[in-house]
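Lettered A, B, C and D in written order, each chain numbered from 1.
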Amino acid sequence: MTVNIKKVVVAYSGGLDTSVILKWIKENYDAEVIAFTADVGQGAEELEGLKEKALKTGADKVYIEDLREEFVSDYVFPMLRANAVYEGSYLMGTSIARPLIAKRQIDVVEKEGADSVCHGCTGKGNDQVRFEMAYLTLKPDIQIISPWREWEFKSRAELIAYSQEQNIPIIATAEKPYSMDRNLFHISFEGGVLEDPWSSPPQDMFTLTKSPVDAPNSVTTIEIDYEGGNPVAIDGKKDYSPATLLSTLNDLGGENGIGRVDLVENRYVGMKSRGVYETPGGTILHTAHRAIESITMDREVMHLRDSLIVKYADLIYNGYWFSPERVILQNLIDDTQKDVSGRVRLDLYKGNVTVTGRKSDKSLYHYGFATFDDDDVYSQKDATGFIRLNALRMRIKALLNQKR
Amino acid sequence: MTVNIKKVVVAYSGGLDTSVILKWIKENYDAEVIAFTADVGQGAEELEGLKEKALKTGADKVYIEDLREEFVSDYVFPMLRANAVYEGSYLMGTSIARPLIAKRQIDVVEKEGADSVCHGCTGKGNDQVRFEMAYLTLKPDIQIISPWREWEFKSRAELIAYSQEQNIPIIATAEKPYSMDRNLFHISFEGGVLEDPWSSPPQDMFTLTKSPVDAPNSVTTIEIDYEGGNPVAIDGKKDYSPATLLSTLNDLGGENGIGRVDLVENRYVGMKSRGVYETPGGTILHTAHRAIESITMDREVMHLRDSLIVKYADLIYNGYWFSPERVILQNLIDDTQKDVSGRVRLDLYKGNVTVTGRKSDKSLYHYGFATFDDDDVYSQKDATGFIRLNALRMRIKALLNQKR
Amino acid sequence: MTVNIKKVVVAYSGGLDTSVILKWIKENYDAEVIAFTADVGQGAEELEGLKEKALKTGADKVYIEDLREEFVSDYVFPMLRANAVYEGSYLMGTSIARPLIAKRQIDVVEKEGADSVCHGCTGKGNDQVRFEMAYLTLKPDIQIISPWREWEFKSRAELIAYSQEQNIPIIATAEKPYSMDRNLFHISFEGGVLEDPWSSPPQDMFTLTKSPVDAPNSVTTIEIDYEGGNPVAIDGKKDYSPATLLSTLNDLGGENGIGRVDLVENRYVGMKSRGVYETPGGTILHTAHRAIESITMDREVMHLRDSLIVKYADLIYNGYWFSPERVILQNLIDDTQKDVSGRVRLDLYKGNVTVTGRKSDKSLYHYGFATFDDDDVYSQKDATGFIRLNALRMRIKALLNQKR
Amino acid sequence: MTVNIKKVVVAYSGGLDTSVILKWIKENYDAEVIAFTADVGQGAEELEGLKEKALKTGADKVYIEDLREEFVSDYVFPMLRANAVYEGSYLMGTSIARPLIAKRQIDVVEKEGADSVCHGCTGKGNDQVRFEMAYLTLKPDIQIISPWREWEFKSRAELIAYSQEQNIPIIATAEKPYSMDRNLFHISFEGGVLEDPWSSPPQDMFTLTKSPVDAPNSVTTIEIDYEGGNPVAIDGKKDYSPATLLSTLNDLGGENGIGRVDLVENRYVGMKSRGVYETPGGTILHTAHRAIESITMDREVMHLRDSLIVKYADLIYNGYWFSPERVILQNLIDDTQKDVSGRVRLDLYKGNVTVTGRKSDKSLYHYGFATFDDDDVYSQKDATGFIRLNALRMRIKALLNQKR
């Protein structure tokens, strides 16, 4: 499939793997190499001096794009509107960034007239699928180089040896005993010391959040405003962009020990894997969104939507962001969000996000309807017929059985 | 429908409403009245002296049955095996007790040759549905008296006046500004001061749990063992019955501020309602069960089961416990639980239940399969074909569109 | 609920029941009575002289509206776009007409400043639910008169006696031994001689279709063009409105013995009921639509949509046309139909509708991709990885079991 | 993956492809070759002299097993109990045979101590997946040879040349301009002249069924008895085994032109494909099963089951017969079938299967409940409350909107 490779756009992070990849492609394919880095909020330390490094490593050209706003408004927020969770607890912070990076990588392909793309994902993980599903959907004749499925290197040590041999400027950091992926929505940890699912994760690993034990021993109360399913204000202040709003909540959540998850999950490629995640702001938003929905969304619309979330989450986790079925599900979800507007009050405290109030101009909750007393909308006598007809099929069966 | 009432079995709690009901039935129907009380863990204070009180109020006969073990093993545990949650956060502690009480009430009907049953639920709530759906399914020709939908009383004050007039022995407790329902699984609060969904619940209301703020500032680590989807041991100790195990976890959870939920939910009868719940042990078990499933359950089985939980939870919430569709769903769920065995380690701390480890003889997690390295089971090159065929339909569409 | 009735809009058909109703309302409520008749294609004989008859019977005012085009374009076609079928075979011709009639009845209420509506449905059927759900959704404070649930008449004989007593001009037709409902989409039969589900329906009952046995012994081939999920042409002729297109297909289908269905169905109110239906044009369109979808719709979109059809069909059958959940499902369905355009060729012959060809500019079928030979889009070797990773979770389980 | 091949069990049909395969394996792998043929009802002409032919072609050993009864009772009937249909019309006659053949092939592997299996499916189809998913699930370390994905031959002409060169005894039949697969349940046609989805299939292709046009011009009425979801008698005669019952219905259906289907379907490997099928007995049973369910199955059980059929059908079509999720779905389906017993009467006529009657000792249909009149089980007044509470959430929304 990869027979005529002249110009390759590489998803480049500046780390060991993708640094080696830049060089390896030049060497193996004698192709023009364009390094592409998406800033999705992985942090300044990863981005600093990246352009120079890429060029020194052998890139012919370097693109570094700030995609933080697009990431939050067009990827994170749509997913949060769906209340999407994978296997009960993972908020899919890695999954949701991949299609955006792949899409912009393809944009560079188009702009540069490149013929190939390359990523640094391993051959056993989900990310290779997410990148390549996006590539192939957006540009069906693109050639894909997946070095970890092709080259001879088998370990980090071999990569280091190669990079020394090739004078690749890598920073001699102590290797972490696990791998990480960070963006504005979350940080993930897997592999290494985490591979025994009976072992607790090391406490010094956590990056975005304080431990609940170390978090302040006082409650922080915040209010979040929603419009059409999206958060638009914190404590009444509207001057946030999507990315700055999420960032602010990351700080608040992180300070209060919110958003750590430790789970064993099922990868799309077929095996189980242990992952640990920090999603501080996302966890707050996930909780707040449910709360504002609770007073503004019709019951049957909610239950129908809820019954589709397993499917929707699978699509995101498995790399089907650009599939037609994800798009029609997203449209349905967005269709349910028109009236999801109002204010939610939350207590943040040592790992807890507790809803303590919610209100809305679009509220379908009405004091009088739920109270004990009769009213002109609801006649308590109606309950008799409601129950009797709902029970009728069971009664008929039981009556017929009595006669048999 | 209620035309020939000679002998009535009344679901009796000893509170104001059902005390008045005992008397009111005798007066209105000139029928024999049997008081039935199920001990589902509502606590000693509610049960003390109950028999004498019922007889004094006018009951001709009194049944008080300890159903705690049956409640936990045959109702709570099956529901926990399903990971059932209503509208994202309610663990359905009230919903799950009603079918059991109704069933035993019908058993008394059969034993006593009664012709009618009676409950004290209001005409706007879910509980009337849950009781009556069960009655009508189990005994399709039973006559049902639902006083709140029939009598003229409109307020608590009128009930008190009536009970004084009739010398009904009620205890002159200060009325709580909300209504409560308690059993071994949870306590619920609704109505009164809770009816404004923007107001925080009063802190002195909570009964089973400390506030996270007041909980100890140290981590309590526990281990729970599962067999076939059910919890069977705490910290390796197997000498628990279902009810004592749940009770022990209630104490542990309550002490650590675990299991409070505050939500606006959609009632089956059509309106939204605010409820606050404490489910300390149940919250621990809900979390632990997911964790032991995560290493022992097949991915597709899990996702299929997960996609049915909205439906299953609706059935329980809406009162369809004895329906044929709940039974076939339960069988499916139980079918998935055969290998859900092993041990989970959890940290309890100020409202948090954090999974830190899980292991099992039935584990489908295998270190080697998930690691970076190639192995003889998984060839990384397989990923290429996997991705390319999964993307094929999208590629074909994109290729055909290019030509158009 | 019906306490202040001054002006009533009655759904009037001109038959015995609704004629008696006109008079009965005037007599019982001393209210102004407006007769409303929707022409949804029930046929000229039912509509002829209807206005005069209504006025003679006592109506103060009469509305007769030709809703055939609206019925087909806004109700029948959306339902056909969904491939909706109830319980495997019923195309829901009665269910789909009720919301439209109810909606226009409410329009008359608004125009006339009426306070009440009335229909002639029995208290055991689905139609009362469909009418009243629509009324209550569109005008939540409307008063509803449902005579069959209120009055003392228990039989047709009593109605006839009353109408003679009141000089109501009813036509002395021989009573049919079953009840019927007809519109442009179908005719239904139930009750009377059909109530034994073991008895064959009487052959002289069928109205819209020849028996397959009596249909011509030669094949009629037709072609239907679709645009965006809707049929727009027959045999290349585009000069059809929705109603005339359906009517033309009714003639073609009826002549060829197409569209008879005989089933026992589950009513929403809880019991089983036997129904016999003729839906000639609808059956052709149902088959043709599936065929044009088969070449233009993405696989996963189709399977997702298919998995929602049971729910969608329930909503229509149960009277939830105007519910928010039907609307969001319809939007999803319509979202899937954008590219459902092209031509289908069908053989009509003695009860059979056989697809023999389909083609489309939007076709996702491509000769080369499905053939035996390799090509540059599909590498046969990819199948190895595809299969191996799809089987991986089962392999891992089996391998781990081997070791145990 | 296929590195140490000493003894191979080949799925052998006696046709050109698998004959070449026998020889090619011996030549390429220098392995012992065992030919395995499953008799699943493909007909005497394919099986005659097969053993000798296999041995002459080079097989070291030959297994021919009559699996017809197991095929029908353990594969076809379970699928029919589910009413499974793929994409609206395909009854999956090919899909359902593959797992059985694969399973018995693995049984031979175990018995013979073989290390590898081989099939003759092409690399673009579904059957390779169905075979290999079964192999890998049942014996996770089995080696698989898939010649069409491995060898150099690209066409039938090359195979013929090779077989002449190697003296392989193939019969010089005229090649059919399409490929076929036949078993006791159906025959399929695809490829060749069928590849243009606008072209009608050639009439002389059909094998199991007369054309409706050529079928007798008189109605054949039959009665089928069901017990627990399975057909057990025709016209009251119980002396049928599963296979002879299906075979009898194939004759009846085939004679009456029943069971032809022509569709474009979505293959699991990602492309669309045109298939034409004849399933005469299966079509009768599919219709009859729905009819007996209609009077014996609870409404909500039926709708829940129906909502899972898209998933179940996908699993069978895609080759997941032995997956744990197919097994739990099958258990659920079988759980619904306990009371699906009784008699169905059907008219067979020129392509039509028309249900005209159904009865059962387990019937949930009851004359009195569905009739017009009131009764002591159903009070028509109950409908008022039923409707009003079902409409309540929509009314509340509308009322609140009126005030805004």
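We adopt the following convention: contacts are C-beta pairs under 8 Å (C-beta built on N, C-alpha and C of every residue); 3 or more make two chains touch, one makes a residue touch a chain.
Computed from a predicted structure; not experimentally measured.
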{"item": "Common touching chains of subunit D and subunit C", "value": "A, B"}
{"item": "Selected pair, greater C-beta contact count between B-C and A-B", "value": "A-B"}
{"item": "Whole-Å separation of chain centres (CA-atom averages), subunit A against subunit C", "value": "43"}
{"item": "Rounded Å distance between subunit B and subunit C, as computed from the means of their C-alpha atoms", "value": "40"}
{"item": "Subunit A-subunit B separation of Cα centroids, rounded to whole Å", "value": "32"}
{"item": "Contacts with two or more other chains, residues of subunit C listed in rising order", "value": "1, 140, 266, 269-271, 298-300, 311, 323-324, 363-364, 366, 369, 377-379, 381, 383-384, 386, 388-393, 395-397, 399"}
{"item": "Residues of subunit C defined as touching subunit A within the complex", "value": "1, 140, 266, 269-271, 298, 300-301, 304, 311, 323-325, 328-329, 331-332, 335-336, 377, 379, 389-393, 396"}
{"item": "Subunit D-facing residues of subunit A, complex", "value": "298-300, 361, 363-364, 366, 369, 377-379, 381-386, 388-390, 392-393, 395-397, 399-400, 404"}
{"item": "Touching residues (chain side subunit B, partner subunit A) in the complex", "value": "1, 83, 87-89, 122-124, 128-129, 132-133, 136-141, 146, 148-149, 154, 191, 195-201, 212-213, 217, 219, 260, 262-267, 269-274, 290-291, 294-295, 299, 302-303, 306-307, 310-311, 314, 322-324, 345, 349-352, 354-359, 363-367, 369-374, 378, 380-381, 383-384, 386-388, 390-391, 394-399, 402"}
